[in-house]
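In the part that follows, the structures are each spelled out as structure tokens.
Both of the next two complexes hold subunit A, though its partner changes from subunit B to subunit C.
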Partner chain A sequence: MIDIYFVQQIINGLSIGLVYALIAIGFTLIFGVLNVVNFAHGEVYTIGAFAGLMLITWIAPPVLAIVLMVLAAGAFVGIGLERLAFRPFRRFRDEASLKSRAMREATLLSSLAVSITAREVMNLAFGSQMQTIPHAYLLQRPIVFGQLSITVGDLVIFVASALMLASLQFMLFRTRIGLSIRAVSNSPLGARYVGIDTDRAIVATFAIGSMLGAAAGILVGLYDGMITPQMGFAPGIKAFVAMVMGGLSSIPGAVICALILGVSESVATEFLASGWKDLVSYSFLIVTLVFFPQGLFGVGRERA
Partner chain B sequence: MASAVSARKNVSGPTIPPAVLKAMLAIFLFIIVPVALSWIGGGYLFQVATTTLIFIILASSLNLVTGTAGLLSLGHAGFYGIGAYAAALLSTRLGLSFLATLPLAGVAAGAVGVLVALPTMRLVSIYFAVATLGIGEMIYVILLNWTGFTHGPMGIRGIPPIDLLGWQPGTPLFDYLVVAAVTALSLWAMSRLMHSYYGNALRAVREDDQCADAMGLNVVRLKIEAFGVSCFFAGIAGALFCHTAGFISPDQFRFAESINILAMVVVGGLGSLPGAVIGAALLIILPEALRSFGDFRMIAIGSIMFLSILLQPKGLLGEASALDLLRRQFGQGWSGNFATRVGWR
Partner chain C sequence: MIRNSLRALALMALAAGVALGSLPAAAQTRKIVLGYELPLSGDSSHYGEVFRNAADLMLEDFKASGGLPGADIVIRYEDSKNDAREARNIAQMFVDDKSVVGVLGDFSSTVSMAVGEIYAKAGMPQLSQTASHPDFIKISKWQFRNVTTQAYEGPFNAAWMREQGHAKVAVVAIQNDWGLSAAESFANAFKAKGGSITSIEYFNPGVRDFRSILTKINRAAPDGIYLCMFYEEGASFLEQRQQLRVAAPVFAASSLYNEQLLQLAGSAVDGLMLSSTFVPTNPDPRVQSFVTRYTEKYGQTPSQFAGQAFDAVGIVLAAIKKVGPTVTRDTLRDALAGTADYPGVTGVTTFDPQTREPAKTLARMIVTNGKYSVIR
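Right, the complex of A and B next:
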């Protein structure tokens, strides 16, 4: 019996981990092309959840339509975010300022400032209290396999994440825009030399990363049934941890580390009071940084 | 050399002697502000002034590590929290007086800072920022969940107010004056540190750590020391906060507060001590003044930070002009007679 419970925890952990993975991919893609961390990414996740809630209360479309519309909203938010917080700091294009620490820190801090402002505006608009998703939309119906019982939500998260990861791989390796994203993240200056429109690649990266983040937000909203304007903070940090553990620029690394984090958090609730479970991922972060400064799956990068 | 110094003095026009300038600042801090606040009347205004002073210590201590030494720290509120909890527990459990809890809180925060810095200080740039973010959150989780020791989310109530050798008037004016004195001392200590050869060494590490290493500076040791000193002052600020507020809970020391402090430093100008002071004063007083329009505090902080990065990336008072100001007007470091004014060598 205990084994079944354990398996159940692992399945829960995997679905949490997949959510972290979807967020972490956005972080990783954006870090790849711009070499800066986008601190506003957690807010994209929150906006995804709230966009879903608004759609449900206004139009009440079927679940699949909600997810597709939230994906569109996410892309829109990502493009707006790039315009607001990142584009103004890309005025200088010479090699020195591309590598300059001051420029990078300015971008990082501006995304931080935008994220605070966005979170607080949502706080004012929706109130800091929890909002509940209407019961009819919740994905909490259990599916029973023998002794094991998982919810529809777990299944939806598995399938949706697998679909999105597969289409991301297709997009990155089989399309022109994917090729230009990979070129820019390899070398921004080199990509410009060969005539790639780097601005377009960067905007596309933001759109794709934010689509995945917003999708994670609405999936969690439908799974848990409640959303708050602060909900993006903790998963954002976990995803960030996953990205760093995975080596900052490796997408498979980020996904694997996100799954490790999700499962270990879920299993840790067996041994610890649930308040302490956040400590698990932060300890993972510190241990990884101290013993594997390049991340578990990172390749040696040029010192920055 | 002498002619160059006098030429620079001529350009800047007649300067007020440093001693007079410092006396004027002291008069402003210890006489004009309290008198004016008593005139307008209100313990509330004294509370705002005290909070401003506490955040001035926090912002200038973060400025030491993020501005001068160039280590982006996203967990400063955690060390502020350690100072506050250390002082609160020492005074409520052991009954120690303010004069003992103040330095002990600083030492506790500084010691944790050094412990944290030892393994993480070899990390560069963004990795270090991530590590401090993680450590700040770890401190928060521990404060929140170690209920037997910290009372968890309930916080600690009934922390005794500031007392000096058993004398405990507990009035807002007295609190203000003590906090002002500690702030003045901390600012003096930090400005001396930043305007010595030691401060120059830290700036060299910030600009290019490999180059600084090649010049014979012990980069890792310098960074650890700077981080420890910065955490010490954050702990001092925490002790002041817990004794003046009388109540602390873990929520007051979370990531949002770290960002708040960082925003002060960025708005004022990274690396500039007067900038950190101006930034802290601006970001505490402005939202308080706007309070009647609704709770826009964090929105104001976010937008001020964004606009200042966009329009004034060097901050209100950038590092170069701040260094110039402090050296020339306050006689820190290199002004006047070169050989006698230089310390630490």
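Right, the complex of A and C next:
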């Protein structure tokens, strides 16, 4: 006899995992291509949610239109972010600077600075109270299968993740811009020598990664029913863990690891007090770093 | 001879000049500063904003009713981000500033206790509007609070739930000092009255997904749930409880009482029962005047957190007024300890002369059709 509550826990875990996966996709794309952690990704996620809320209050279009508009807003934010926090560190063309790791690692802090500033500006602009999304848009209607229940939002997020993953794979492997992105990911210097416009490829990466992040934000906002300027921080950390576990440059790997994280957190509640839930995720991180430094699905990459 | 008397005259003139010169200094108004450490950024910033609003309102009232002759009282707000390290730096800064005679804050029990040691060592009176952990006030004679502790509220709610016929209850509490004390005081009182607790589930602050906890509770099938959490988590919890169709009725500590909860949780909040000290519909003229002015000035109905801060500042100002413009940290502490029958908007407050714990009355409330109402 299957324990129905255990099955429900697994379903809960998968839905948490899908939320992490949504964020991990954009995050891993940027890291995979540029070898830089984009700390501002959590804030792009939050900006996506707030942009969606503002659109709902001003224009009230149907849900699909909102997601498309938020995608556009996300791309815009991504391009702005790249220009503000990342491009200034690529301005020098001499050989030493092009090969310098310090320049790249400085972007860690510049993106962190942008994230803090963005969060506090949103705090000032919107207040730090939770903002509700009008009920008509929420994806919280439960769907019941006997004793199990999920919500409409779970299905929507699942479909959205699958679509994002599929379209990203398509773009990376079947379009020219995808080719240049992969080239830059393999070796930025080499790509430049070969004549690929690395700046354009990088801007494209940010635009796409941020589009996905912003879409994740609005979908989770519609799913949760409430948004706050602080919402980007915790999921951002979990996405980072998922990315490291999955192998730093593998997007499908990050998605699978995000699902694993979600399910283990949920199942762990059965055995541990749920205050210890985060312990599970971070233990995975430690185990990965110690025993599988390549990640579970990663391929070796030159960390030049 | 003349030289000596000239010298004497010159000395006397000098002495007179010095005496006259110091007179204006004595007649100057003294600047008295009240330090207020509160979270103005970070996760708890919406509480900090409310405290600041209420404190400004109380200070305005105080000045409008005459203030303190001979002294100019100002409140200096410092953002502690609800973080113990930040708060400690702020505490040290307040202690080193001679014009600060007393400190209000902090928001959470954890942070208030972290800075309590600094204030105790330096001899600075500290009044927290919301730190309700029993151990906070035991740090030293310099700690005060105007919020009833969970040691008082837990048994109140336990008695209520037993009265309603609940025998098996699950507790869900936030994992911090406050949540731990709230859950334990409720659980102990409930068991002492003959009930049983299926489990106490703790969750980390910031968590929004309670479905695993709810599924676990569902399995244990209690006939009631008791919540020790704040409205942000409470709203998510209630919605997910509705989604997972957990039938047991929900009771909560007064921390959940907030207008925002009604907006965030929608229909999921109907049937919630909780205790509270501050009720905006209380017909008492003081409460009504506070509610009207707060709503006019800030555009929202004040929550009990606003009421707590309003009363906290009021109690400190009343104590300062009692001592006078020559108030020092020592005399302020003694005046605070003697607070009796302070007419606050959160109830008439008296500090126990032995333990300094506040005594107030609690109300029982229920949510019906998206509105709070008091049950007698």
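Here, the second predicted complex is superposed on the first by the 290 of 304 C-alpha atoms of A that agree within 3 Å, B and C clash if a C-alpha of one lies under 4 Å from a C-alpha of the other, contacts with A are read in each partner's own complex, and residues count from 1 in each chain.
Simple rule for what comes next: a contact is a pair of C-beta atoms (placed from the backbone, for glycine too) under 8 Å apart; a residue touches a chain by one contact, two chains touch by 3 or more.
Since this is a predicted model, take the numbers as computed values, not measurements.
*Asks:* Have a look at where A:Thr57 lands relative to subunit B and subunit C in the superposition and call it first, second, both or neither.
*Replies:* In the superposition, A:Thr57 contacts neither subunit B nor subunit C.
*Asks:* I'd like to know which partner A:Glu105 touches here: subunit B for first, subunit C for second, both or neither.
*Replies:* The answer is first: A:Glu105 touches subunit B but not subunit C.
*Asks:* Let me test your reading of the model: by the given contact rule, A:Thr117 touches which partner, first (subunit B), second (subunit C), both or neither?
*Replies:* first
*Asks:* Who does A:Asn186 touch here: subunit B (first), subunit C (second), both, or neither?
*Replies:* A:Asn186 contacts neither subunit B nor subunit C.
*Asks:* Considering only touches as defined above, state whether A:Gln169 meets subunit B (first), subunit C (second), both or neither.
*Replies:* neither
*Asks:* What is the contact status of A:Asp278 with respect to subunit B (first) and subunit C (second): first, second, both, or neither?
*Replies:* In the superposed model, A:Asp278 contacts both subunit B and subunit C.
*Asks:* Just which bits of subunit A does subunit B share with subunit C as contact spots?
*Replies:* After superposing on chain A, subunit A residues 120, 123, 273, 275, 278 contact both subunit B and subunit C.
*Asks:* Would you pull the subunit A residues touching subunit B in the complex into a rising list?
*Replies:* Spelled out, the residues of subunit A in touch with subunit B are 37, 85, 88, 101-102, 104-106, 108-110, 112-117, 119-121, 123-124, 233, 237, 240-241, 244, 248, 273, 275-276, 278-279, 282-283, 285-286, 289-290, 293, 303-304.
*Asks:* For the complex, which residues does subunit C have touching subunit A?
*Replies:* 41-43, 45-46, 49, 175, 201-204, 206-209, 211-213, 215-216, 218-219, 232, 235-236, 239, 243-245, 260, 263-264, 266
*Asks:* Can you list the subunit A residues touching subunit C in their complex?
*Replies:* So the residues of subunit A in touch with subunit C come to 5, 8-9, 12-13, 15-16, 120, 123, 127-130, 132, 135, 140, 142, 144, 149, 151, 224-226, 228, 230, 234, 265-266, 269-270, 273-275, 277-278.
*Asks:* Looking at the complex, which residues from subunit B come into contact with subunit A?
*Replies:* 70, 72, 119-120, 122-127, 129-131, 133-135, 137-138, 141-142, 144-145, 210, 255-256, 259, 262-263, 266, 294-296, 298-299, 301-303, 305-306, 309-310, 313
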